[in-house]
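Here it is: the structure, laid out below.
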């Protein structure tokens, strides 16, 4: 039972890094300061660094009091202790369809960087002005993994997916109104995409997209052996 | 009460042409042959021609027996008596994202032609292969009105809408599966489009899109007077 | 890359006017003052005028400080710099079913005027008092394009659509409660309308309806050539 | 326990007539012939007549073999034994928006007649041709109760509701496609109607609407005493 | 054009009383004081009394300043000028399933009284304690029309509907949580009720139910002529 | 790896009886005969008996050929090999609201019997005829566990839940139409029930309800020790 | 009529304890202090104790003023007067998937304790770290009834359900975002679970789950007689 | 315009291989034999091989007549011409929760093999028997990419996602009933998963999951350069 520590309200998962490749990240929304603080402390003790996502400014201020070495980014609402270090070659490109989608795109970009990826941002390239996107076509095709963030009708990932031979992770956002259904519409649209090789994460889940991108870059970095495994 | 004729099960709307610019068109789905036949007869008597939409092959065969001069198109499922005549200049372009969307695109194209429009078809130009669409960019920008038919995630109208200064009428189709929800997903996505100047009709409603396109071309053809109307 | 300017968080689309016939309009909701201000500045430099939609009163006050020549309309929540000029003949009629739908109707009316249309407003003519609507039947039939705004069950566009030979653009509103589902119900109802020649835009999207109406009036104003285009 | 008879698979409710004013009616859909037959027999024994609704043609044929005095109506899919007798003055008007809605309208009309109402049918008076409806305005205002059947966007009840001082019972139908959601859209739209004094029954539930209409006519026929009841 | 008066933002419907039997009632939600005040004034001038529904306490206070003779009920949120007078015999019974549903039940009760009905209230008789309901069975069966208000699963109208031979108007409420979907669940459940002779109005629409009940009582009060009308 | 056997397409779970108290049951829907046959063989070898649910008549015929000792019940669509034996005291009561719900009620009843319960059936006791239900009130209150099956609006479990001090397991059925949404409406309604001590299983899942009932009866049969367990 | 007392706005159900085994519990949400206070008073008079659920801190403070002997728990939002007493042997285990689900888990735990159950809490054992759950496998299999609380995708009950031979009551929570649909997604997922012997209560309904668990423990405690009941 | 060939009904995308890394694959559902045949011919000419997915047995038989060298797999409904060749090291593991999910799992497995992946199948390891899954834990953690196919509540990917440090692609299936909503429930549940590093494709879209897996393996195979790209 040494792989996690039981705080009563929480069982801190020390084994996560070994099992999943990266230490546990704290999802801040809906958690009280009294819960986040101790978990942060435990994780810093163990891993020397920690990341908290979806943290509103008010809670962040409290935690900055407790952990003066922490840094807080207001757009992505991410708080970190400790610096990320570049671990992987290649490039994760984060594209955002509109200016209003930035808070999700930045959650993805900062998370990917935190996990060791080299990140390139390409923002406000929505499909209604396709020339803006195509102006960057060469760069887009050179990226290793593409995280494509879009609200409204969520069409950008389909267009990007058709331009590249690399995996595309689509992130629908809650930016839109009416028929957009707080993001359900772009989520379902991305699911129904005519582009192959694209998968989708939850609405506004920049973190999740970046996590998968980092896993892919880690796999690339570590490589695989050519003999087939036991079957 | 001379503007319509009461057949009991139906009130044939002779006034429609005067009121709405085009004679009544019969929606064939869910109507019995015993109902469609007499209404067709009345409308041919009055207008010299008639169009029936959403007519399955079996019913069409029966009606071809009754009206030997009729013609039936298996893809669009439209039956017509009498020939359309070109009435309007300019061009209505009908674009379809995929090969499977053709039955809707053809409903739109044939309806628009029937109503007097000059129609240009551009099929299988879905956004996952954006170069196929852009290869026709010049032609697209020259069209007067654009009907854009797409299933799956329904992204094509957004891209087209961003390329032109002309009205775009988007038609979601029932082609897709799973998260596509039989067309509800592209319908909502089109509604949420980031492209301006675009409006949407019901799923698979190629007829409705063509009807509005023809109304626009009719307005263009007739022109408007520059003095402002009574207000 | 001269067609747009990259501000980092945004790529200002100077090419829009050439491509789409009207300069870019700023959608104010969910954008920070720090983003809207610079984009406004760039667009005024380029086009001499600008329009911002969905701008709440608080942000408007800030922007009026930065751009003293700007004007703000509290009902439609539109801020403008520069005057619209009447460009097109004919008439765009904006109908609203109820008094509560005015904020959407005015967004449509002001946008259409801004884009050069001659606008006639006809408000509080919901179908439950059909005589109020029919009292204006002559005027309605003389309009060139009709924007019909309705909340609740969204029935007004169907009735209007049956009275005219001109295109009807239906706008569902978020006014209603319970089974109205914040506008999804009238949106779906308008989609399912029995009236031909009608298309629909997103909930509360008065701007989008006006944009399409202006595109139609522009097409009418410019006319088309009778020879058929390259095909 | 004399108020019902237990057949094992069913408890025949003899008390219904006393309790609810009309004998039990058998809902035929999803019931096997082996179940419907015995229940019919029991109810004929008790009440001298019986009505079965939602009965497909195949089952009807079987039952006509067992009960040669029965009559079956193919449009409404109602089978009856015994004749209805006119019991109530006034008039129940059944309006239908389109020809395809007739199967529901006829279920309502036949049920109301069976329950003793004087029925007036007014079919194919959908709102997209409002003049057809208004041609009957005088008659409509003279009806005692109005059952308004409509598919598509379900707008007819709102218009009728605004014309009369009598109760309107709206019946959405499954006739439509796409955004119509098999009748959910007109159901929700009718619920959201701007017309007062209107209530709604389930999709295609002509029977239920007629049942309530008959209850109202029964109440009118029996009258009420002017002194207030015990409270 | 004498049947209504055009205030620009509103067309006051003076004809409503003649056409629908009762004067126009003002729906207060989403309307500004600047709009409600003038419409109230016009209606008091014409009819000597007026009713405003869905009026929050703050707006009510303003209007009580303008119309000192007005009365405001905090539970139902109804404001009235002028007294209702008992016009109809018989009895409208308003049943509520739970204590939390009272705001809707009182909207129904006060509206029905305002329109001339004799009202009996029976509250907190939800089906999970069926004995509480059945303790009033005699009274329930003597009512002329029953308005049954229920949130949660909305089962009460089905039980009541099975006890009486009079019309039942069901009102789903927004009281509940989770799977209750803010009232959509009881709305759909009431629609699907196994009880005959029941119809449904929108969520929380106590006003609409009372309006229909009053129309029924008015019809009962006026009676019908036994000869059948023109057909 | 002795707890299950790998057939490639399936891993037969021999450990289930030890782990969950009852041997694995085969869910027949969507499985091919070629899959069901071998799994049945394995389970008969191990446990001497087997049960297959949701098996259509055609597949059943094939399997009766392979396993001549099997028995098939056409209403519940259950096929069994081997006899159930009464294991538990007390009584599981299965109530069904309507005759059309019998196929689900019988799935529950036969499953519960198969698992060793003493079952009492009480069918066609829907809430619209509450007296039929209350006629059995004494019996109902004596049951140990109650499985309440209802389609339409799904109100029966709420009424039953209010009558007893024993656990009620509610089963919504797919019997209904329109607003019933193929069972989603009663499912959500049962979830929102005002009766305490009630839980819900999936639409038509008579098997699941019976399984839980049997688990409860097994627990009752085995009893618990009064000292509290390790914590 | 001695079984309940009519306070006008409420009918206090004194009979509940005899009928359902436990005294009435007050659901605090949406009820005014003026309503809760008197009902509490009546129930304390009758039963010597009372429980109020879903009570926010502000109301709680008021009620603590009125009933100084009351206790309020901020996490579960439960207020109680009088102490629970251990009545039943065995153990109800309450499992929670995440730290954010604690408010629901504690509502369940405190309710079960109040009703006489011996409760074991096991929190933060979500399926993404399956080893944390399996570390407690022995304890889990020894529990008598298991209440499994989970937000997000709601997978925990399926895993637990496959480990035990005891009834599992699943509680979906409103903790999650986007595709989680405020708890509808885990609710539907739990309904669709592949684990047998599991039933589900409403979103966040820890109370309801505990109520059913207590009923089961009561049944176990009282036992059943082996002779079969009257049938 | 040399990158695609225009067949009128289709524009064959020869450029796809260069752009996306793999030749175009034909989606067979909803396409006529007359369309599939010629497209297959063109692609074989160009690439020497072709794959058609979602092809029913009847169409397959026709195509096997036209292309005798083709092979058809009845479970996955995939038709291929030409042999796949192992291109990538490492291993793509395809896990399926239940026997009924095999048709999707096989679509994934065959597609991945076709695209050059080394595939390991692990079927019938649903979470309700967690020991069956954990028996393969070592192998699971050694896989390079994991495709996890699950119907019902879709919980398997969450558990697998918590065991590995490699990307997990989740595929919801249409296997289930009732609350499962034809796959929408597991789709939304997977989206809401508490496991990090997981993304989701459309219902039954084994092809799409395999396509992304192959893209990842291709990236791994090709590697990346450590210097950061142009930015």
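Just so it is clear, A, B, C, D, E, F, G and H label the chains in written order, and each chain counts residues from 1 on its own.
FYI, a residue touches a chain if its C-beta (ideal position, glycine included) is under 8 Å from a C-beta of that chain, and two chains touch if they have at least 3 such contacts.
Protein identities per chain, from UniProt: A, B, C, D, E, F, G, H = Nickel pincer cofactor biosynthesis protein LarB.
As the structure is a computational prediction, the values presented were derived from the model and not from experiment.
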item	value
Higher-contact pair (C-beta pairs counted), B-C versus C-E	B-C
Far-end chain from subunit G, centres as C-alpha averages	B
Of all other chains, the one whose Cα centre sits farthest from subunit F	C
Separation of subunit B from subunit E, taking each centre as the mean of its C-alpha atoms, in whole Å	44
Computed distance of Cα centres, subunit G from subunit C, in Å	52
Centre distance in Å when subunit A and subunit H are each reduced to the mean of their C-alpha atoms	24
Shared-contact residues (touching 2 or more other chains) in subunit G	129, 162-163, 177-181, 187, 191-192, 196, 202-203
Listing of all chain pairs that touch each other, if any do	A-B, A-C, A-G, A-H, B-C, B-D, B-H, C-D, C-E, D-E, D-F, E-F, E-G, F-G, F-H, G-H
Residues of subunit H defined as touching subunit G within the complex	97-98, 126-130, 134, 152-155, 158-159, 161-163, 176-181, 185-196
Touch list for subunit A against partner subunit H, complex	19-22, 25, 88-91, 118, 120, 139, 142-145, 162-167, 169, 187, 191-192, 196-203, 207-209, 211-212, 214-220, 223-231
Residues of subunit D defined as touching subunit F within the complex	1, 3-4, 8-11, 13, 15-16, 19, 29-31, 35, 172, 174, 182-184, 187, 202-205
Of all residues in subunit D, those that touch subunit B in their complex	99-100, 102, 123-125, 129, 131-132, 135, 175, 177-181
